[in-house]
C-alpha cells in the first residue's frame, strides 16, 4: 500500500486516459474503500446513483464522483466521467497487487532432484515438486501445492495453497490458480463392458495459456489423448469444471459453477454466466454470451446471446419464459374458447368432435 | 461416547422439553443408530411410518417411538410425541460432538513469529499460519490448513484439513469450516480493455460471523473493496459459492452447490435449496425460501417462497410447470379449436384471416 | 509406456475380441494420440467421420480405422470394425495406467502408532494418518491426504493429493479418489430451535465399495446415523456432491456438478448427467438415466429416462420444451382464435362472456 495525494492520483488517472478534476483540498489517501466501510484518510467512490444517499454518511476523506454530483463539503472530490472505471486505476495505484510471503526455495519443500526450477523461486514449505518438472522464473507456490511429474510451469506463475497440477500438464506464463483447484485429473473415461465401467488410461494433458487466472476449487480434466486447453487471457471463477479434451479459446470468462463437458470447442471472448452447462462435443463460436443456469445442447454461432435450458436465442427465451409464466392464464383462455366454440356449434347445429 | 441407561435418557429428554415414558426394561445403550444398522446395545428410532416394517428386523435393544405404536416385546421403548426431534437430543447425550486429535501447538506447524495464538491451541503439523495472524483460544486447525497474513480467527474455531483462509479475512467465534473450503480468494474482478481482462486488485476481505458452519469445498470470495459477509449462525452445505461483496444475513441455510453472485444482499433466515443460483446486485429479504435449482433474477421481498428458473412465486411456478408439462396437449386442443372455428366460419360464410 | 509393433497390437486387439487387419508396413508405435496432436512414431484413430478431413494432415505413422476408409499411403492402417472401442485397448497396451512416484512409507508422513498399514505402502511425505486407521496392501497416498481416526481403506487404493477421509469412513478395494475430494464431512444436520440452527452430531459414516472412482473436489457426506454408501464399481466425475445417508448403487456414473440430497436411494447402473440435482428422501430405480441439468423431484421407476427440471419422462419433456419454445406463437394463435370466435358470436347474435 502506498499513500497518494489526490493531485498525484489525478495524474495517474490522466495517464490511463481518465480526465479527472480535483474539487477540494489536496489530501493524502492511503486506501480505496466502499462508502460504507471507508475510514478517515481513505478514498471512496460513487458510481451507481442508487447509493447516493450513503455519501452523506461515509467517513471517507475523498470521493471519486461524476461532475455535477453533490458531495458534502468535508469530502474532497475527484471528479471524472466514469468513476467505476477510474476506481480500478486508483486501487492499482494505491494498493497494488497482493504481495506474497517470501520463502525463496524453502528447504521444507519436497523438490525432486530432476526438477528444474527457474530464477528467484518462491516455493513454500509443504510444496511437492515431482520428477522432471520444469518451473519458470519468479513462480510462487504456496503450501500444499503438488506439481506432478513432467509438468511445466511458465514464468511468473502463482499457485495458491493446495493447488494440484497432474503429470505432464502445462501452464503458460503469468498463470494464477486459486486455492484448491486441480488441473489435469482424469476425466470420466470408461468403456462399458458387460454393465461395468472399464477405465481407459487418460494419457493426454491439460494446457493453460499465458495470463490465465483460475478461481478456487476448479477442476480441469486432462484429455484422454491430446490436450484439454484453456486459452490465453481466459479467466474462471470458482468451481468451474472442464471436461476432457475441451478447448476453451482466449479471453473467455466463465463464472462460478460452470460445467463444460468433454470434447467441446469454445471460441474467443465467450462469457458463460453462473451455473451454465455445456453438453459434450459441441462447438461454440466467438463472442458468445450465455445467461446464468442455461444449458447449451447444440452448436452456437459467433456473437450469439443464448439463454434457457436448453438454451435458445436469449430474446426468444425471455419471451417464451414470460409466456410460460402466464401459461395458467392461457390455459383458462383456451378452455373458455372451447366452451364458446361448443356453444356456437350447438347454435348452428354442427355435430361435436 | 457415553453409555446411558434408558431412565437417564428419559430425564435428559425431559430437560430438553420432551416428555418421554419408558415402556420395557431399563437397559443401558451405548449408541444411537438407524433401524437397519443398529446392533445389540444400541437405541434406534421410528419417526416416519413408512419405515414401520423395519422395526421387526432391527437388532437394536431400544427404540424411540410414538405412544401407541406396536413394537416387538424384545425392544424397550422410549415413547415420546416427536421421536425425530428427540433423537437429536439422544445423539448429543450419548455421542456428543466430534473429538479432535490433540496436537497442542505442533512443532510441525509453520507459525510466523508475528502471529498471535490464543490459549490451548490445537494446531496440527502441516498447518501454515502467516504473518500478523491472530487466532483465538481453543482453536483446532487440521493439517494442510493455510491462514494467510493478517487473518483473524475468533475463539473455539475448527478448520478441517486443507482449509484456506486468505489474507485479512475474519472468522468470528465458534466458526467451523469443513475440509477443502476456501475463504477470501479473489473474485472475478476484471476491467475490460480492448477485448482483454485487466485484473483489479481485490483489496477487501471476507468476514464470517459467530457460529457459522461451512461445508466442504466451498468458496467465499473476498470483496473487491469492503467486506463479503456471512452472518452469525448461518450454515452452508458443500460446494457453496459466494461472490465478492455479497452479504448473507444471520441464521441462513444454503444447501449444496448453491451459487450467489457478487454484491447480493441476503436477509436473515433465508433458505436456498440445492443448486440455487442468485444473480448479482440483488436484494433478498428475510425468511425467504427458494426451491432447488431455482434462479433468482430480481429482488425478493421478505417471507417470499420462490421457485423456478427464473424464479417466481412458488405456487405460481408450480402451476406454470404443470401447465407446461401438459403443453403438448394444449397445443393439440388449440389446433382442434382452429379447425372447428374454420368449420364454423365456412358454415357462416365468413371469409378467412 | 511400451513401444508396440502394429502386428503385436493386432494380436492384443484379437485377444480382446477385436478382429483387426494390418494394412501397410509393420511399424513400431510408441504412443496413441489424436489426429491433431500425433507425431511420427505414434498411432492415431478415426472413428467419427466428421474428422475424416484431418487424416490427410496427421503426422502419425499409423491409424486405427474402419475397413474401406481411404487413408494416405504413408500411414499404416490397423483396420477394425469399431476403432473407438479398439483405441482403448491400444492405450492400455501401449501406455498402461499411471505410474505413481514411489515413497514407500515416507518418514515425512505423520502416521499414528496405532494405525495399521498393509504391505508395500506408498505413503508420501505430508500425509497424515490418524489413530486406529487401517490401510490395506499396495495403497498410494499422495501428499496432503488426511485419513482421520478409525477410517479403513482396502487394498490397492489411490488417494491423489489433498484427499480427506473423515473419521470411521470405509473405502473398499481398488478405490481411487482424485485430488481435493472429501469423504465423510458432516452433512447439513441441524435442528431448528427458536429461529437458530442447533447442530446434530453426525455419528454415521460414509462407505465406498470396491472399484469406486471419485473425481476431483467431490464431497460425500457421512450419514447422521448409519451409512452413506457409494456402490461397487460406481464412478463420479468432478465436484459431485452427495448428501448424508444417501445410498448409491453399483456401477452408476454421475457426471460433473451432480448434487444428490440426503436420504436418497439410487439403484444400480444409473447415469446422472452434468449438473443434475436429486431432492431428498427419494428412491431412484435401476438402469435409470437422467439428462443434464434435470431436477429429480419424485421417485423414479427402473429403466426410466428422465429430463427437465422438474424431471419427467424424457420424451414428454422434450416435446413440452419444444412446445414451450414455440409458446409465443401459440399465444398469438389463441389471441387470433379469440378474435374469430368473438366475430362469430357477433354474427350469430350470441352475448359475450
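Each chain gets a letter, A, B and C, in the order it is written, and its residues are counted from 1.
Rule of thumb we're sticking to: a residue touches a chain if its C-beta (ideal position, glycine included) is under 8 Å from a C-beta of that chain, and two chains touch if they have at least 3 such contacts.
These figures come from a predicted structure and were not determined experimentally.
Is the contact between chain A and chain C built from the same residue numbers on each copy (over half shared) or from different ones (under half shared)?
different
Upon optimal superposition of chain A on chain B over Cα atoms, what rotation angle is obtained, reported to the nearest 5 degrees?
The best-fit rotation has an angle of 120 degrees.
Centre to centre, by mean C-alpha position, how many angstrom separate chain A and chain C?
Inter-chain centre distance comes to 25 Å.
Chain C: which residues touch two or more other chains?
In chain C, residues 126, 144, 162, 180, 217, 239, 257, 275, 293, 309, 324, 327, 330, 334, 337, 341, 344, 348 touch at least two other chains, as defined above.
Which residues of chain A touch chain B once you look at their complex with the stated criterion?
Per the touch definition, chain A meets chain B at residues 31-34, 36-37, 85, 87-88, 91-92, 95-98, 101, 108, 124-126, 142-144, 160-162, 178-180, 213, 215-217, 233, 235, 237-239, 251, 253, 255-257, 269, 274-275, 292-293, 309, 321, 324-328, 330-331, 334, 337-338, 341, 344-345, 348, 350.
Please output the residues of chain B touching chain A within their complex, sorted ascending.
Spelled out, the residues of chain B in touch with chain A are 110, 126, 128, 130-131, 144, 146, 149, 162, 164, 166-167, 180, 182, 185-188, 190-191, 195-201, 203-204, 217-219, 221, 223-227, 239, 241, 243, 257, 259, 261, 275, 277, 279, 293, 295, 297, 308-310, 312, 316-317, 319-320, 323-324, 326-327, 330, 333-334, 337, 340-341, 343-344, 347-348.
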